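I am attaching a structure below and will ask some questions about it afterwards.
A, B, C and D are the chain letters, set down in written order, and residue numbers restart from 1 in every chain.
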């Protein structure tokens, strides 16, 4: 099968799985997850085939896999949709396929497949656990299976479909479609346990917040289509189109058309990948099941935002001369860098194991955006992928930890213990070794532990790029952010795994099912190994051991190949220091912290995330409520519209009544009755004459009619 | 006035007169016999049209089978031998009028057709019409399907007739 | 062309010339000549019928161990003429209450249906009425007039016995028409034509009786049934319904029926010869030898045909006078449950083997053996059936009382 | 063949009309069937005449044969019906068979 046809087929299996599960296999849990995982595996297979074929192609950046069909007729032209796999989307496809498959498998374990049915579980609430009786007659609680198991797999199937569509699509429109499908799915999945008010609110919040970005993105798309008449990447990213776009000036901030469109699309990214100021939804999104967190906040959706931004890179940098960032780029760089630092600081003060990761995700995405803003294209992609791997790993690991903790909680029966609070953990190293080691690897990768981990290489490349192009502000900000990253990562690891168990639940925590640990192991392999494909040529000692394949491959996407920047010792030393220093301090500080009180860093402003929720609440939510309540509802709706309508209704009713009284009853009904009665009478008279049951009589009658008709036909029509 | 035309006119006279007798005579057996005469005339017409096979089939089917069946039926469905009273129902006038109208209408329409009074061109010599007909009846690209359907129809009619006419034995 | 080689056409041509000499148009001359030919043919047939009367009476007498007619002329050859005179001078009765027209028309049609057959009987390679390409069908078609005449006679006579006889006769004829037609199909298939003359010529090397003996058997049985002769002579079962459909007929009307029946029988004998025994020819290719070319002389052929026809007629008589009459229900059962299925099976088998074996040298052997095998199978089936019947019958039959005689 | 097609057509029209009259006017069900037979034959005459006067195609004869088959079947079933009706109601007068009266 040709690569193109495979690519066409890649998104379909999850969609089919969705419909199959929803329509048919909803009853049978085993069937549902087999269908979903089978579909994911199919897509994964297709993705791998395509990826390795792409790698096999020489100068793949020049001859990409592309095919398109006519979709919507627009006058005499067609709006084409199609698939495009260039180096960028190839590598994206690679990590997306891997992470999605892993997460699907992980979900089987996380949703307690094979466990008994809960005692009092309700759909829409997390399972409370089930009582079982072992051979000694001891009753004790064990995790119980998710009541809406099949539903979960249906949703993530749809989600996977959206992501694959977004990755393989060759134009903004279908990309946006996948984008929105994912928005819907994130809403559904964050609110998966809709029994919990917090989950409901989080879902709505995520949906609304991202919607803001999406509206701007749609604006950007419409503008682009208006300006160029096409949405296909390949047609947009031609020298001519780009130069035209770059040269046209728009009234807004004196931005060029390219810059404006880039900015608008970038706002979509801001919403999707939770950049400041639209970052607020992501931490709350942790209400969803952990695989969902991993899926949305590591592997797919947030990455999708960055992916879209990277896609638009040629557009954003259309009027980029090489020195001196354009307005758009500087905005992007600023937002990225700021977000990176800002959320890193918040992450330091979080106690919820998943929230820490959520904020760290925001900050890491900030890294990427910043890199993009300063034109470090390859570095951004590189970090996107490595981050996808180790962040998925971390999320799944945390999920595994929580799962183990919940087991302990159920075992002790002390439900006051929050299974997600890191201060209730500690010493899990012994209890759940696989989780520990994989989490450690992920953590080190996140904090950029030198040489060994993937995170180091990608982050180092970003820093080096920033330094080389002399964006010192960005450089310093990111360096500090990196330091904080290392710090809170180590904090997390220390609190969670090292030291002694701080609660009985932690004592009774136990290692999780192989379906959960296996993905951890596989992902940790990538979390370490994937970095080695991007080692700069002239890195001391290691440089050139493995050729910088990634730079070559992905760099081919752009029109002119990004130059390999010459090696500089300073950024390397910086990243080394920040990483190691951060880790060290983190360990030193939290080595023997027993409880929240002893934590020096529980600063109120950090804990409350700089009061962003409150501010937004005050600025937007409350006014909106007020507006809708007082103006829209009370005045406009009730007074004006309803009043008018009621008048009209009354008048109409009056008219209708009079009609009924003086016209309908006497005239219409009278006529109707007259006709009916007449027909009845005539029938009474005619029936014995016509209906006499004599065959010949009928024949005669029909023949008379036939002859009359024939004569008329002949003389009138012929 | 060629011999053909003479024969035709004689046949036409035979056919029309005996057909009229069929629909008017009181004695039903006579009607059936007149029908035989009419059909025999039709057979002669077929012969005149150089469709000898059809002529013989006409004789076999109609005179040999159908007419006999009619006579049987007439004899089986009567109490007394002679048919008394009028054999025509009361609205026979309308019927006659209609029949006449049909005839007139048909003739009128036909006469307005340009191919109305064309004469036949001689049959191609050396071609055995019977052979052609047989091949046409059984060749898959011609009329084998209608042929088979007709045979099925005959079988069904056989079974159905036997079933209907057989006196219920309970 | 000399008189010996082609008498009929010679005479016809001469006549035509004569008429045209009288100043007739060619068409009219043709018409008149044809009429003369028809009349001659009919006269010939009637003469044969007259002869047949004598043959019939003589043979039946012999069968019944009597002398038969022997007074008038040598061996009573002129007996038939005496009969004719008797019939003619008898009173011509038309019973009261009879449907006169129909009553008087019936015997005419009856005889006509037989005479019409003679239009296609090939007496010799150059002596025949007409050679139509649907001759076999013509035979059947004309036979249906016989049926018609029977029912007309039976109904018009205003006589219960006549009507019952007619019903029986018609039932027989219509039923046995089916195996008859099928039996006629068999020579048609083998010869590849429906023309009687064509069938005859197709047998110049080999008689069809060898290729399809069962076909001959079928044809003979159904022919006898068509004729209404014993064992199928229920139409005139003297012991039950006096004389069947012609009970009311007397005088020459009866004579016509009688002559018609005899001639019909002879004609079927002739058709047996034509369809299965090579008709006027069929000397197994002998006439092709220079020494035997005289065999293809029309007069020789005529004689040969008449002899063969007489043999066939003899067989029919033989059957008639040596077989008891069977019951009507047995007769119909015999037809519908035995003869018709057998006929269809035989037809299919013949068609199949004819197609399969025609080119090969096993043709003759294959056809013959297939017939034999089929016959054997049929006999087996019949044996088992009759055995079962017998067992059934013996089971619920009361023991036979032995009558002691001394 | 010196006979124009019109002769056959007119003859068949006449035969058809006569049969129609029989169907419409005869009392006896058997007689009605007789009329139907006449009509069918009229149709057949047309078919064969058109075959003869037409060009080449044998369809006319084929359809005539099929009409034969239909006629035979129709007569068989029709007479069977009439006989069974006669058994049950001991009449074959069409006007007496008016159970379908309103």
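Here is the rule we go by: a residue touches a chain if its C-beta (ideal position, glycine included) is under 8 Å from a C-beta of that chain, and two chains touch if they have at least 3 such contacts.
Note that the structure is a prediction, hence the values are computed from the model and not measured.
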Worksheet, complete the sentence: Under the touch definition above, the chains in contact with both chain C and chain D are B
Worksheet entry | Chain of greatest Cα-centre distance to chain C | A
Worksheet item: What whole-Å value do you get for the distance between chain A and chain B if each is reduced to the mean of its CA atoms?
Response: 83
Worksheet item: Measuring from the mean C-alpha position of chain B to the mean C-alpha position of chain C, what distance in angstrom results?
Response: 29
Worksheet item: Where the CA atoms of chain A average out and where those of chain D average out, how many Å apart are those spots?
Response: 79
Fill in: CA centroid of chain B to CA centroid of chain D, Å
6
Worksheet item: Among the residues of chain B, which ones contact at least 2 other chains?
Response: 53, 57, 65, 72, 89, 91, 94-95, 98, 102
Worksheet, complete the sentence: Each of the following residues of chain D touches two or more other chains, namely 20, 24-25, 94-95
Worksheet item: Which positions in chain C touch two or more other chains at once?
Response: none
Discussion item. Taking the top-of-page definition of touch, could you list the pairs of chains it picks out?
Written reply: A-B, A-D, B-C, B-D
Worksheet item: For the complex, which residues does chain D have touching chain B?
Response: 1-11, 13-22, 24-28, 30-31, 33-35, 37-38, 41, 44-45, 48-49, 51-53, 58-59, 61-62, 64-66, 68-77, 79-84, 86-87, 90, 92, 94-95
Worksheet item: Within the complex, which stretch of chain B touches chain A?
Response: 89, 91, 94-95, 98, 101-102, 105, 109
Item to complete: Under the touch definition given earlier, write down the residues of chain A that touch chain B in their complex.
Response: 696-697, 700, 703-704, 707, 710-711, 714
Practice prompt. Under the touch definition given earlier, write down the residues of chain D that touch chain A in their complex.
Written response: 20, 23-25, 32, 94-95, 97-102
Fill in: Residue ranges of chain B touching chain D (in the complex, touch as defined)
2, 4-5, 8, 12, 15-16, 19-20, 22-23, 28, 31-32, 35, 38-39, 42, 45-46, 48-51, 53-54, 57-58, 61-62, 65-66, 69-70, 72-74, 76-77, 79, 83, 86-89, 91-92, 94-96, 98-100, 102-103, 106-107, 110-111, 115-120, 122-123, 129, 132-133, 136-137, 142-143, 146-147, 150-151, 153-154, 156-158, 160-162, 164-165, 167
